[in-house]
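In the two complexes that follow, chain A is the common piece, with chain B as its partner first and chain C second.
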Partner chain A sequence: MALLPKSSVKTLFSATKTLTAIRPYNKAASDDPSQLARADLGKLYHIPVDAAKNLNFNKILPSKYAKQLNTLDECAILCRPQFLEVLHCFQAVRPTFPGIRVVLWGRFGTGKTLTLAQAVHYAYTQNWVILNVRDVMDWTRVVKDVQMSTYRTGRIDLPEHSVNFLNHFKQQNQHLWKTILTDLKTTKDYVWTKTEKTPIDKPLTDIVDMGLASPFLANDCVGALCRELRLHASSGALKLLVAMDAGNSLYGRTVIRKADRTFATTDELSLVQQFRKFFRDDWTNGLVLTIADKREISDAHIDPFIPIETQLYTEAEAKALHDYYKDKQWLVTDEARSEAGLKQLYYLAAFNPHHFERLCAFN
Partner chain B sequence: MMPPLMASLRSSISGIRMMSQTSVALAHHSRLKPEKITCMKSDESPVFYRDHVVDKLVRVILKDGKKEIARNAVYDALEIIKRRQYKQWAKAKEDEKSTIELNPFVVANTAIRNCRPLMKLQGVTRGAVTYQVPFPIEESEAEFRAMKMMREVCRQKAKHGETHLKDILATELLAASKNEGLTIQAKQELHKTCEANRAFAHYRG
Partner chain C sequence: MSSTRPTLALLTRSLQNLRVSPVQALQCQDLSTAAPQSSQPQKLKSVGRALENYLRNARNYEKMLAKEKAEFELGKRYLANIMGWDATSITQDDVDKAIEYLFPSGLTDLKARPVMKPPEEILPKFHKFEFDREGKPMDPLFFTLKPKFYGLLSEVGRKTQHLVRHYDAQVSRGAVPESEPLSLAGSAWISDVDLGRRLGENISPEMYAQLVIALDYLASLPLAIEVKDFIFQYRQAVVAGSNQAVLFGPPIPEVQIDPASNRRMASVVTRAKAVKVEVTVRDAGTGKYTVDGHHYDVFRSVMARENLASPLIATNMFGRVDIEAKVLEGPYGLSIVPRAVRHGVSLGIAALFPDAVEPLRQLKMLTMEPRRKERSKVNQPGARAKWIWKRR
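Right, the complex of A and B next:
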């Protein structure tokens, strides 16, 4: 084996040292989430800004991070262990397995919602159909208009929330609108009212458009859409991601009052019943990713599921983010940019990602 | 040449006068008067972002003893200032970039310095008539009056339009740092009144 001469080894070594000194922050090997591996842990990868716009990231990301997106005009996210675990769950999805249920849980500010957003982007790059509920607690706690269901007596429809959901679905699946969602057809006749109906063998986009055109039918259309997507996923025609923020609210409490002034239970909401069906074993080829939100008091029965914990920052992760902020000139004060400042930031934020970002925001 | 341990013992025994100038400057004021040791206040913790003007602004804005709300409002205002300046800086051409101040603490300090009045008006009663007499003002009082004027302006603005204090305060601080805005106007009116009442200056006594 021929050994390299000492002089060239020395220059190689010093060249790599200067390269790492020049590189401003820890970048992942690739911006494609499917290429991320253990070697990319603690490194930042970028989500293209137009993808972030198409996926409505302004609405689904935590508000502070959405502001960061707007200010820095860039979406750089740390690759953390919880996201790699979610990627492995994505790769396990197949037509022979029932819908895989994954629950993200963890302390406040550790990256549950952000990991969900990363998962949505991954599904977007892999051409999965995305059924993303921005916040189930919106349905149970924010009372907009309420309507008694005509499909099932005793059930409560939420027309405005259903329309918002259908708009969000349309926005996030624009890239599949003319392809998969138009090619796949309805499997039965849907008779909405005496006059409105969607016959069999019509594209799925018709269900969504029907719901958007007539808000009083929107909730029934959401149910029909969910049913059709489950059937087509099971047949292998599409892969489905159901991403719900605060999914444990499906089994929680509501503030919606019924006619006799008592609070409705979640069992009485049609939207909740429609989404609970994703936790059954009767469909395949999909991933149901939810977040166990601490704000909700719930008793969720969705066993078996894969729990993924989101952790506080390690020193390396916090340093990577600090280097990124320095490179983007987001950290402006000299003290914040120094090593001593970084050490203080570790302990002032107690390694909590949310508090770390809040401290870097005004420094 | 004394060994280092003995030298440090010597200095601690003989007290403050043996301490070097740098250690006096960095020490907390309670350590400089060892006879009266007081506990540190919550807004004096030695964090790297400690700033006299910002802390005083928090205290002036404070209402009903709700320190967390006041502190969050001021730090959120600093964040908003930084975001607005950052957006401008990102859009600016290379030669203009250095003219934009990104550091929100510097902006806040400049703003309060620009709003400082040079004199104050104090009522002096002579023969059942109270005259508004211009008096000289200390630096710390001038700083306080600047912050109080800004606070009153922000509270007035809150009655119509922008409702969050952080947004209103950010706008005011940014404007004042450029010598514009309602607080600067209020200061200039105070100066005008002082100038108009300069005849009463001999009532100062």
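Right, the complex of A and C next:
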């Protein structure tokens, strides 16, 4: 029998050790977000990569986290108190309550967008219809083509943004495309133009396809889609999640200029008006989850809502992530992998999750 | 009129004019008829032009100083009138404060600001040499141009000679003198600057070296204890263990007890560039760290946070102290507040935990950064940069 090389002997021994030893990092009991409870706080759970792909996580997650997802080929997210609160809000949704409005707020880098993504994934697992706006500030600050609305005079349509939104909606709800969204039918005739029309009792997917086919109708299609979804949610046929990043931008400022070279207000954008309707009490069985982004100067009137604050890391949370990075061999230097290194990283990051992640990526 | 008998006054006056001995003059019976002395009046010994100039300068200096002194005293009385003080009890401190108030100046060079001080302090000094009636210097070493220094050197030489002779005499008698060696521990030779000030002369490095060699030899002699007093006149005490207290910038502050929470705390005000911060470090903390009320994660730059956290990293005080920093003077840029706060935090931690002083000192965190923005000059874009130079 050939002598085993020293290295493999070592790994054999260490393998037997780890079988009985503590796991490399703090894993949650289950990867199903609906099973997460207080016992799972400070632990990491995984979102399957194909779910992440289906939900277009590349576009909705913060850019650095999206890159990490691609690099590590894994989507591991820390379970933090704010997500559990959001889950409770999900569980409170019912046909007898009007749309529950939840606002995520907090310091820079504390996990607002990430919690939104977690909520979108939860809705995906629970077969909710997801209306996810990637960034409302895109609509107000990134001026693509602009068109005056034919539906209401004085309103401004944003065709390209509407098409992007419809594409995003289509991709995120692929799992329901052939089922709920085809089964549910339009409740009225939609006359887009003299020639284009979606009659009553057609599947909702037709509205989306119409908008994708003709960009100049896309904004009106978005409005119609929103209306239909509200009605069907109120009737109990579906549960609706409206997830908007930088939702306070619906009441903020725009950079879009009108014909007389003055800035338009958000009241004059049809997309904004369509989504503001979700903040009314006239529909039920849905959850409106928004983020109050500090970048925007806004005066939002969406009372009553549930505010959920996102916090800085505790030592335990930082340790859990540190162990995860160690396990993934993401930390470069020996000092960063040590206990003293963790303390230094934690304090250098000023307990901020964003800063902590950046420091771990470069140390 | 007929000639009157010459009065005594006339006699003495004519004597002075003639510069003859009074005895000779009295021998004349009738001075009115006496013919003027054939020899010319004896002149004063002619003095060198340099000495003439010196004497003139000395006289002028005395006059000028007297005038300035009188003006200064008058000025103080005017100042007392302006400021509403009692004219009799005015200190120089009061005068300084009043001038700073009446003539506020933004000049960066403190020596260029308006000042009202006794003329001896401000006006250039004029050294008076001592000469006798004939113009010969009183000091025998005058022509060495540094009489005091060479006098000292000569004194050292004389004493050395005396000790050597004394020792040799005793040895020749057969009795080897037993005396304790002179202990020069804890002191150093007076510095050349201080010596120059004491003697009132400019001492060159070579001269100073020669003096130190001479003094060292004197102190090394076996009977040096006899001239101990003389030697110690030229020794300066070196304070032992003074490194602890002497810091450039604010010293390590005193530890106080916070009345509200009964915790030990240390508070210090420091500067960096043009920014002044007040930092309070409290013991028995939870790791709170606020700057102007904001938690320190508002600093998005890693360098800023590194600066802020570096005293904690150096002394491993994570989570043990609470830090509160406040900016007292602005305006400020992005990176300067962390630098100033870091200095304050280091001093605070050094005050609360004396063991931490050594690691902080070695990392040079206890010293204030003395650099300030250099003044821009005219005809230049900045402090040092010049416009593009063209050969032609």
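Miscellaneous remarks
What we mean here is this: the second predicted complex is superposed on the first by the 341 of 363 C-alpha atoms of A that agree within 3 Å, B and C clash if a C-alpha of one lies under 4 Å from a C-alpha of the other, contacts with A are read in each partner's own complex, and residues count from 1 in each chain.
Note that a residue touches a chain if its C-beta (ideal position, glycine included) is under 8 Å from a C-beta of that chain, and two chains touch if they have at least 3 such contacts.
All figures in this text were calculated on a predicted structure; none of them were measured in a lab.
Shared-chain residue A:Gly99: touches no atom of chain B or chain C. Looking at the shared chain after the overlay, A:Lys67 reaches chain B, while chain C stays out of its contact range. Once chain A of one complex is fitted onto chain A of the other, the partner contacts of A:Asn363 are limited to chain B, with no touch recorded for chain C. Contact with chain C, but none with chain B, is seen for A:Arg107 once the two complexes are overlaid on the shared chain. Look at A:Gln329: by the touch rule set out above, it reaches chain B but stays clear of chain C. Residue contacts after overlaying the shared chain place A:Leu312 against chain C, while chain B stays out of touching range. Contacts of A:Gly211 after superposition: neither chain B nor chain C is touched. In the superposed model, A:Ala349 makes contact with chain C only, not with chain B. In the superposition on the C-alpha atoms of chain A, the part of chain A touched by chain B in one complex and by chain C in the other spans residues 344, 348, 359. Contact residues on chain B toward chain A in their complex (touch as defined above): 47-49, 75-76, 78-79, 82-83, 86-87, 89-90, 102-105. Residues of chain A touching chain B in their complex: 67, 71-73, 329-330, 332-333, 335-336, 338, 340-341, 344, 348, 359, 361-363.
Residues of chain A that touch chain C in their complex: 107-109, 312, 343-344, 346-352, 355, 358-359. On chain C, the positions that touch chain A within their shared complex are 287, 289, 295-297, 299-300, 302, 305-306, 309, 312-313, 318.
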